[in-house]
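There are two complexes below, and they share subunit A, which is joined by subunit B in the first and by subunit C in the second.
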Partner chain A sequence: MLESLNLAVNFFLADWMTIVYLMLGVLIGVLFGVIPGLGGTTAVALLLPLTFGMQPEQAITLMGGILGSSAIGGSVAAILLNAPGTAPNAATCFDGYPMTRQGKAGIAIGAAMAASSIGGLIGVAILIVVLPITKSIVLMFGPPAFFMLAVLGLTSLTVASGNLLRGLLAACIGLMIGFVGYDDLGGTQRYTFDSNFLWDGISLVPTLIGLFAIAEMIKLYVEGGAIAKDTDPTKIKLAGTSLGIKSVFSNMPTVFSGSIIGSIVGMVPGVGGTVASFLAYSFASQFTRKNNHFGSGDVRGVIAPEAANNAKDGGSLIPTLAFGIPGSAEMALFLGVLIMHGMTPGPMLLIEREWSIMVLIIALALATLMASLVVLASAKLLVIISFLNSAIIIPAVLAISLVGAYALNAHLGDVVVAVIFGFIGYMMIKFDFPRITLVIALVLGSMMERSFLQSITIFRGDWTGFFQDTTSLIIFCLVVLALAFPTVHKIRGMLAK
Partner chain B sequence: MKLKSILSTAVISAALSVGAVAQDFPDGTINFVVPYGPGGGFDTAARALAPYMEESLGPNTTIVIQNVAGAGGRRGGTQVARSAPDGYTVGIFNLPGFVLPEMLGESVEYDLTALSWIGRLENQDYVLLSRGSSDIKTLDDLLAQDDIVVTSHGFGSTGLAANQIMFSVLGLESVNPIYVGGYSGTTAAIVGAIRGDGDITVSVISTALSYVDSGDLTPLAVSGTERVWDTVPTFEEAGYPELTPINLQRSIAGPPGIPQDRLQILRDAFMAATSNPAFLKAAESMGMQINVLDGDAAGAEVNSSFGLFNRFRDSLGNPN
Partner chain C sequence: MKTIRLPFSAGIIPALLLLGLAVGGWLIALDWERSSGMFPRFLGLIFIGLATLELGIHVYKSVFEKGETLIDVEEFRKQLWGFGWLSLLLLMIYLLGFMVTVALYIFLFLRFHGRFSYLLSTAIAVGSVAFVYLIFRRLLEYSLFPGILW
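Presenting the complex of A and B:
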């Protein structure tokens, strides 16, 4: 392994073009990440033809640049506009956007960048450590474990949302939206009304764009003014990014827990970063005692999900490389790039092309650092967005959002979905329903149903099988813990009084 | 949306065909529709082929890959079938993937037999596999089983259909095999089998290669006429010649009614590209199974695919 690491490092040093490719990837990744709906997937798809003439490792470097940086760009939009640039940034909105409203956007961005970099590096370190045992890790997660993981996600969701009843209601709506589409287990169409568009169900990205970006713009339109409230625009100079960076170093436990949760969830194929960052957020909000004001601008609410969603990149490479099972759309595209360069993912890839994988790992690590620096350097300019008058910001954000929704699949239906969810999102803000709960339920719903049916088939109808599968049993214990913790906490609080 | 795209294609084609004679074709952008998302087998095949076809078509032509994913390929297939037959829209088709919906009693908005077939690019044979650590080491071992669990991609997938036809011919339908479906793709179903969710899975050969090399899977028999592994028989050799034609083909076609002269130009470009040594080398490194047929023969394969699946129609029901 050291030998391949050495080869990989030499590869970066041997040709300055390699660094140029990496920087190109990073710049494009950040740019596409900032714009809701575009994201890393579109960037990889656009640059794919460009890699034809390159040698495989250069192509990997370029793509690594994009993969490592798009979620970092995405956090900027989440913090400033409450519009997650990429789906995994959704959890960053919770506290990032309230901070912007309080005029602390600079601190939030600084914290997000530092947390992203450290999280990314931790993720890469974990990847290197587990690389030799990737196969057994992937094989640990069968349908029963997937089911329990979905249960864990939904449980922590319910516990974390402040208002239990409204949270549950939003989750139910999310689950119901998740039912729409072709069910390939039952072989039937659900609520598709014979429309080819609804065959694939309601996609996540336009839903996110609607619920967050468009809903936020409707709200801003109704209220008027700028995003940042009660703030003197002359204070723009005090962007406070360095304060944000410092806050990360004084909250290292949050960074570590976020990164570890991100890496582990990232390794599970098909679950993806949205769940990783959300779990990290709810973990942090549950287990932080000191001065807990999560949901109303707690900087740790930015640190935890951002650390997680950059740490997950390292983890999610494991199922992608070792088994060719992409965890997300951009990983699916990245797989295509690998295959085009003659690197077929599978158990042999890690053995035969170890140094190429090392190149990717280094590219990912460098990309997170470079992307954070790019954003920090432009932070002061970016923060101005939050002080702009609504007459300027609303048309701009709406235009970008709708184009983003369309660009995803070049399907007008997605734009309609975004607009409809824009209104739903505004109603949810108005009547105080948690939007993220709906999103996570939408993500997890189909996975939960599918893996439940698979498990029951494997167990031949015997549901106790869930407790005989080791991984599933461990996750079940976490579910119990997540349910018990708030109650125990409350009882202890009462006893202390 | 549909009207708009038809209109815009019409406008573009009208603009392009001002005084058009065959020599003017092609001049401009050819849309190459991939009816699946980027990154998959069909996408990589199309992207590998496009630059070489572009080269053969001359300097005035650009081929642009357009991923029109959705509804299990139907959205892209429909888009190609409905586009103007001017030679500027072609697509890559999945056989029998595009045949299956009709066999399963679903309505589709294209007629495969009417398309203007340009050529077949790939043909992959299927392999029946067992988990490496299971007791099933040969086809005979499998036939002796009275309890079989299969992992598969799910209802409507070509892999499951191939699996069902195999079991029907092998006489295994009578043991009521359990199908664990719903995996996100063939590879996920393979990993499911390796993990022990089931004992048996079916896959195209190229996908299975590295798992057989690593010992995670044992091949039991292959479709087609040639052995892939020295010790593993073809179904024909094992006494089941009916299973020989089960395969997965990737063919290129345009909408019905492309004028003969233009179609010939596209067909010639396809044949030139697929005999280009540089393309063949690239395709080999990508693990593609190049097996070229000209346009007429590729079109004939559609009919034989319908014939094959029609014969086994009763075995293709939803196992769950």
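Presenting the complex of A and C:
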């Protein structure tokens, strides 16, 4: 492990372009994070095509920069405008915005940045500690366990989406899209309708660009006007950021509890940053006895969710890298980057390319620090950016998205795919179907099918074999629990009424 | 706010589409070779079941709970315009190629949708083309589709 860490450090030191890519990722992540409605997912989708010509580790660095910084950018809009840049920043609004109204915006920003940096570093430290353990666990998993694990990942994501039935339907669509193309195993063309373009299947990158970047732009078009509203950016005063940073060091238990909650929640596929930050906020508000002013401008109400929100990135990389099961939309897109660069997540990635993972870990750690510095230096400017008229952002993002979709295979069909998935993505937003479940099912599809067929071969066609394999049975019980949880919750709610 | 009233739950439309997709996909998969078709057929049955359930819920809402949908005309008009702008972009790429389209499309959108001045619209359009040219053509050396008209 130390050898891999050494290789990764040398990689950063050997080529100055790596640092440039990291800085670029951080700047883009902060910019997309600060603009409500865009966020890190759109940034990753938009930048995916730019990584084609890069070395895999450079692409990882660029994406690590975005992943580590978008949540930090999002906290600026949450604190100063009461408009969370990304969904997980919503918990920061509770105390961040009241602080702004009390003239303590600088303190809140300082506290948010310091808490984000420390939380991000704690998350990365937990990732470094847990990964070697995961490596030995993951090697014990056979095809039946991997199949069940993928089912568990999809199920927990679906449950977390809040609409079980529509989540499962979205997962079915994703898996079905994954079938399109020539099947090497059985030598069959599946859902190709005699089209040469569909022979290789539907490319992941145009699909992601459509579902996230284009669908979000259609949504923005319909909503119209400036993205952030109701506040005059010129009236915001930023003073006392150093006081905010100091307040983090005098509230270290809140930082630690937030970071640990964030890391643990991040490890559970589908639960994500929003749950992590709200859980950390409610934990801090319930267990703070001294001077509890949560909800009316308590700095600890900014520290706890920000620490959790940034610590979750480290945690969510564990299922993504070790099992190939992404925990969030951002991680699903990141998985797409890895696959595009010939790196298949799973046990072999941890063994064969451990140094590449170390590159990502260093990139994430540096990104949180750099993003905090960027925000501290330019918070006021960033707020003005979030007031940009959507009419400027929409055509630029649309045009660049489609150029990116084309660049992958130099085929116009990919542009059409991106546009079609843009429509589908928007319809999914309108009818409340979770897009993330579709994407993760699409990403997991081939792994699921392969493990399913291998398992059936191992069991000589006997389906009950899934319940005779201990690991797979334990995971199946977790699937049942995950599915039963919302039903039991609903019944209890009905009984209480 | 002007609205159109649909006498049923709007969720019926996607539910019907999904059921059609599920049944169609499953029927096609019946013809495939054993290993190619096993998982799609297995999934297809689950998909059909879920889509039927979703449809059933919306039919129940429409019939027994008198569920109806109010469509905001203004929002619907904006959605159509949004789809229209996106389709125009696709058509322009096909006809004129990427470089011309990026410039022209951004200019048209800013000028006629955003109501920005000619000067600002032109400046942003030129800036965007320069960005695409520098990143995709010069730095990454991709050849972009030239369009069928040239």
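Here is the rule we use: the second predicted complex is superposed on the first by the 274 of 497 C-alpha atoms of A that agree within 3 Å, B and C clash if a C-alpha of one lies under 4 Å from a C-alpha of the other, contacts with A are read in each partner's own complex, and residues count from 1 in each chain.
The rule is simple: a contact is a pair of C-beta atoms (placed from the backbone, for glycine too) under 8 Å apart; a residue touches a chain by one contact, two chains touch by 3 or more.
Since this is a predicted model, take the numbers as computed values, not measurements.
Student: So in the superposed three-chain picture, is A:187 touching just subunit B, just subunit C, both, or none of them (first/second/both/neither)?
Tutor: Once the two structures are laid over each other on A, A:187 reaches both partners.
Student: With both complexes overlaid on chain A, does A:265 touch subunit B (first), subunit C (second), both or neither?
Tutor: neither
Student: Looking at A:52 after the superposition, I want to know if it touches subunit B, subunit C, both of them or none. Which is it: first, second, both, neither?
Tutor: both
Student: What is the contact status of A:410 with respect to subunit B (first) and subunit C (second): first, second, both, or neither?
Tutor: A:410 contacts both subunit B and subunit C.
Student: So, does A:209 touch the first partner subunit B, the second partner subunit C, both, or neither?
Tutor: The answer is neither, since A:209 touches no partner chain.
Student: Give one of first, second, both or neither to describe whether A:453 is in contact with subunit B, with subunit C, with both, or with none.
Tutor: It touches subunit B and subunit C both.
Student: Report, in rising order, the residues of subunit A that make contact with subunit B in one complex and with subunit C in the other.
Tutor: Residues 52, 185-187, 410, 412, 453 of subunit A touch both subunit B and subunit C.
Student: Mind listing the subunit C positions that touch subunit A in their complex?
Tutor: Counting only subunit C, the residues touching subunit A are 10-11, 14, 18, 21-22, 25, 28-29, 32-40, 42-43, 46-47, 50-51, 53-54, 57, 75, 78-79, 81-83, 85-87, 89-90, 93-94, 98, 101-102, 105-106, 109-110, 113-116, 124, 128, 131-132, 135-136, 140-145.
Student: Where on subunit B is subunit A touching in the complex?
Tutor: It is residues 1, 37-40, 43-44, 47-48, 51, 65-72, 74-75, 78, 104, 149, 153-157, 178-185, 187-188, 191-192, 194-198, 209-211, 213-214, 216, 285-287, 318, 320 of subunit B that touch subunit A.
Student: Using the touch definition up top, name the residues of subunit A that touch subunit B in the complex.
Tutor: Touching subunit B from subunit A are residues 45, 48-49, 52, 138-139, 142-143, 182, 184-187, 196-197, 199-200, 269-270, 323-326, 329, 332-337, 339-342, 344, 346-349, 409-413, 450-451, 453-454, 457-458, 460.
Student: List the residues on subunit A that touch subunit C in their complex, please.
Tutor: On the subunit A side, the touching residues are 50, 52-53, 165-166, 168-169, 172-173, 175-176, 179, 183, 185-188, 190-191, 214, 218, 221-222, 224, 389, 391-392, 394-396, 398-400, 402-403, 406-407, 410, 412, 415-416, 419, 422-423, 426-427, 431, 433, 448-449, 452-453, 456.
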